[in-house]
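Working notes, structure below.
Letters are used for the chains, namely A, B, C and D, taken in the order the chains are written, and counting of residues starts over at 1 for each.
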């Protein structure tokens, strides 16, 4: 398909993804509220916030990096989304996955967070720095089980290409990596909890401790851009997990269902557990999830 | 403890060395020795073969020997150059008998020593023995009178020149017949069993005698005066 | 009348033993020096003994009867003892004298510095 | 020409006359004395010249009779060398002692002269009893002279020495007499011929007596106690004289005597005693606190080494000239050191802190002498040791080689421990020192200059004009310390640029391993020297030594021979050591660096020796090795290079060395020096890798070890880097970690793995050099390395900030910069190899790298600006320029990695065949596992970035900039920036989480190694009780022991 057309499709995709991200986060907040016996905000609260932030009259910034931070954030989210094929086989929804393989995706995940961290750090607010310190720490921690899982999958699929991995899972639910590589799945989905940073791993935002964490100093349009970035980032991650473990998708509906399930998993956990301390969370990821991951890799090696 | 160990070790060592006894038993003369015996007289005309070995065949050893003596005398002088820290209670002067005896014996002893080293190539003894006898004469004088002051300058000159003479003789050999301390074509060898024979050997032996005599005398002097006040004279 | 020279060798070894024993066991410096000269004497005696032969004269040719050939002045090799060890001994003795003299000088100075002749007092430098 | 006899006769005659001459006054004595020695130098030199020119060996008769009837002497090349050496030393020693002769007297001069005579007699005579006479002369001379100056200690030492010496001479005399009795001759050659058939029962004992006597005279273990006391107690100047005369002479005498031991049961005894002395003396020396005593142990050790070699010389396995080199080296270096010890005058090792700080010439002398002593190139000792080892290797004595190298390592420990103190506290020793007479310095200067004759051999070994030229300019710069530092940097820049210009196109090609590394080196050197225009040089000699370093590296890369390679390697080691030590607190880390590098060097040497034992001469020839030889060589080399690369387990030296080395040098150390082990692995070790790895077959693949070592290094160092509070230490750990990735890549042993590793070599040079330079600039301006004392500097040093930003993005491997390609290649390679766990492990540790990357940039540039830094300036322009010289290639690589990858592919192809890495279209790299398109990513990112920027600028209000303290603070006035900046213990929670693995087991292990060996040394040296009688007893026990062993045979 021609390049402009592809471009158009991806722009649409991006917008949809952002919307979906906002929506889903709204749902989550609602669910949480209900679990805790509150009424909670309306489902479309996310859109309201975004709009409000966009139309604010004043904005302050602390310097170049600070200014660029939201851009890093958003670019990271959107870029990640664009690197992952949403529906393999449908060119319109394969985005720019030809640019690179899973390794690229894994590294690109950090692009946004790191850039944003730089900006937040320039704000000079101690809470931002503390939040970043925690965020990075946790990030590295859940990277280990995730990496192990990815290596297991890639090894068995014989490729780092997401499309190939998806293709390798075609032909019925039981061919999904979720079931063919249960251990890898366990490791990855536990890591996923950390990626989403809901309780018990919400140490970065950590309301009662460091009010908003890194974004403390951000306001108005900066914040809006960040929100957008974060939500599309979330969607992208879900799509990635879908491709890796749930055999990808053949149509958008399937995407919706699968991603929602994946997301709900973290919500479900988050609703039940209180927050970890940073070192606890790190130790957690280096514990059983890692063991599961190692086991998964060893299994793959044996099956060679 | 250590003493015991040392004793045992030494005892074992002695036993071990006893194994060498059979080697030490008389056997035939070695090749070198028999050469000296069969050609020594002809080559050096020195009746005293030991002397020809000492002064000619192994003359280089003897030069070293003289050097050793010279060195140790200088060494003693060097070590004793400081006089600090020694207190020697003066003993009373020697008795009349000793002084007179010493004076009486001095000249004959020196003469005897001279005789020995002059006849070194004919009769037993030689430069070293003669020199030692001469020095013993000096010792007699010192025993008789501790405050005796020897003519250092003269001794020094004698010492130096006689030593230098020895080396010179060697170099003459080198120049004349191309070999250090050689005994050919410098002085006619003469006939054996005569005082004037054996070429340069007696000359060297006289020099040695003078050197040894003066050196030992100097040595005695330094040692006796080791406790005296003031810096040593060089 | 002994055929070999066991007597000399034994005596020599005995002297060496006594000398070295004195050196290693006596603590008095002077006695150590004496020990050395005793040992030296032993060695010298041994050397001479090495050149000794039963019933031969000293290597001094003072009468023609010792000559086997008057023309070449060749000496009957069976007539005399080995002259070489005697030459060596002469050197060895003189060297011994020199060393002893130096040792005594040392003792004088050591006594002057330390005021004692006990060898164990002179072990400051170690390890 | 003059008869050699006069070499003895003249000084002797003079000695006899001196007392008389002295009546004319002390000056006359001194003039005559010096004149005599000068005469000797001339004659001996003339003879040496003729003999070297092929003249016949001079045979000298005495008494007019041929041997064996008369005593004869000989003057061959060996004798001539030693005689010349003796006269030279005596001459310079006379000068040195001249000003102390006031408190001495003419007898001192006489004894000095006779000592020379004794030495020369010993050297030249061929008669056994004559040897004894001269032994006594030398002995008595020594006894007499050691009371020179320092009477009390001299007397004590001298007396012990005399006692043992007299016992020894009794043994020798007995031996000689009995040998005469056995063979009927006293001439050495004659006797050696007759001895074999004259052997009878018990005659072994005779040789034993002689042997033990000589062991005592040679000062070998266990009879070296008094000799060591002598070094301790006597006037150093006198000891220098003895080293040059008596010591050498006695050694040569023993060398002549070995003819008698031909085929006897004592040959092994000689070997063992020698080596035992070498190892034990060196071991005991490491605990010495007194300089001169330490030198005594060292001399004993050196003698031991020489004696150890003698039997191999007889058996023809080692050339006599080899031993000669060692003798000359030891004489010159040890004499120089003794004179220096005399000039400095401080007995205690710790008193040497900052010694000669105000006397650069003497300091250079000290360094040169030490380098020569421990056997480093280009000094003669190195060539001697090398050829000796080669001989041993050819003869098949691997264990002797091992022990010898261990002993040499101990030597490193105490000699560089000494230098450590000297380099320590250069400031302290500024007080006025007593003025020196030229006569005192003459010896040091003269002998250190003489030591440089080894350079000739260096030229032969290298044959690289460029390298020699660079080194030469370096030497000039060292001596021309008056030139200001920045100008020297300019000279260096020009010299390196010229070299690059000369080699351009010929050697500087990326598609060849040497070319690649050479490019890295020269580029790095140029960048650093450019930066040097902006920073003050840490030491006057800094740039000179730096050029020597560059020269040695160039030579190492260009050479084709194993010898040339190792010579370059060692010079690289010591020159970099000097550079590391040249900073304020550099001395201690530099010491550790040197010891570990020494160990690494010896491992490499061991590997090379295995190869040489297999008859290999050139690097190219290595490929011919097979089987066990290949494996052991490979293992040793790999181990050596791993240690030098500070791989996990041997990494403890690295952080301090990096952190404390001068800011100007760290980029080079990290960017270039740390790559040389990789060069070694790539060129030397890899050449034999194939047979080595296949040797064990499927049983076990040794590359696994290398791989996991690399992996552990990468992980461990990265983790440690996270917790550093010091910018340079952080980067230091990071560097070592990065080298871990490279080692891992090489260990994969596949085309892709190598491509990854080499790509990373270049990339690491670029971004780590960049980071170190940027940090250097910051440190230069801020005056501290602590994160806690920085912060918010982005406002003051924007350029440095940008450099660091680019640097960390490239380091972290985050797309779109060049780092990602490296990581991608590595993972693909690991997956291909099937090392899945390692892949995940590396992904993990490379993510941990983000932590310290962020830490670095945040704590320095972001956060709150300290009040004191309100007006710091940007780093000096040369520094910035240097940084952007590195930024450009990074960006280029980010756009088109293929510009580097394609040559690398070709490079790797000729070793492994082509890799699975293909290029689809123009920009997409495809491996068997995955793909990525650098340009596409870059475009994607840029488009998004620009788009969003435009959005941000247009949509929403115009943001207004607010001050750093204008932050959300619950309506309170925020505290001063010092308290707001969150930099100290930034990753505290992370540290808590990893507590279990951070116990520092490795450093504990090395500490134990050090403690144990020191404990052994301490316990061992009690053996020297200091009691004369005990020492005599040792002599008896030695006889009995050897007799028990030997006669049992």
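The definition used in the following text is that a residue touches a chain if its C-beta (ideal position, glycine included) is under 8 Å from a C-beta of that chain, and two chains touch if they have at least 3 such contacts.
These numbers were taken from a predicted model, which means no experiment stands behind them.
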Of B-C and C-D, pair with higher C-beta contact tally: B-C
Length of the line joining the C-alpha centres of chain C and chain D, rounded to whole Å: 52
Chain B and chain C, separation of their C-alpha mean positions in angstrom: 15
Euclidean distance of C-alpha centroids - chain A vs chain B, Å: 106
Centre distance in Å when chain A and chain C are each reduced to the mean of their C-alpha atoms: 101
Where chain A touches two or more other chains at once, by residue number: none
Chain D, residues touching no fewer than two other chains: 129, 133, 136, 140, 143-144, 147, 151, 174, 178, 180-181, 186, 1029, 1032-1033, 1036
Multi-partner residues of chain B (each touching 2 or more other chains): 6, 10, 13, 17, 20, 24, 29-30, 32-33, 36, 58, 61, 64-65, 68, 71-72, 75-76, 79, 82
Chains touching one another, given as label pairs in label order: A-D, B-C, B-D, C-D
Residue ranges of chain A in contact with chain D within the complex: 54-65, 67-68, 70-71, 74-75, 78-79, 82, 96, 98-104, 106-108, 110-111, 114, 117-118, 121-126, 129-130, 132-134, 136-137, 139-141, 143-144, 147-148, 150-152, 154-155, 158-161, 211, 216-217, 220-222, 224-225, 277-279, 282-283, 286, 293-294, 297-298, 300-301, 304
Residues of chain D defined as touching chain A within the complex: 792, 794-795, 805, 812-815, 820, 823-824, 827-828, 831, 834, 836-837, 839-840, 843-844, 847-848, 850-851, 854, 857-858, 862-864, 924, 929-933, 936-937, 940-941, 944-945, 948-949, 951-952, 955-962, 964-968, 977, 980-982, 986-987, 989-990, 992-994
Residues of chain B touching chain D in the complex: 2, 5-6, 9-10, 12-13, 16-17, 19-20, 22-24, 27, 29-33, 35-36, 43, 56-61, 63-65, 67-68, 70-72, 74-79, 81-82, 153, 156-157, 159-161, 163-164, 166-168, 170-171, 173-174, 177, 179-184, 232, 234
In the complex, chain D residues that touch chain C: 129, 133, 136, 139-140, 143-144, 147, 151-153, 155-160, 162-163, 166-167, 169-170, 173-174, 177-178, 180-181, 186, 225, 229, 232-233, 293, 1021-1022, 1024-1029, 1032-1033, 1036
Partner chain D, residues of chain C touching it in the complex: 16, 20, 23-25, 27, 29, 32, 36, 39-40, 43, 46-47, 50, 84-85, 88, 91-92, 95, 98-99, 102-103, 106, 109-110, 113, 119-120, 122-127
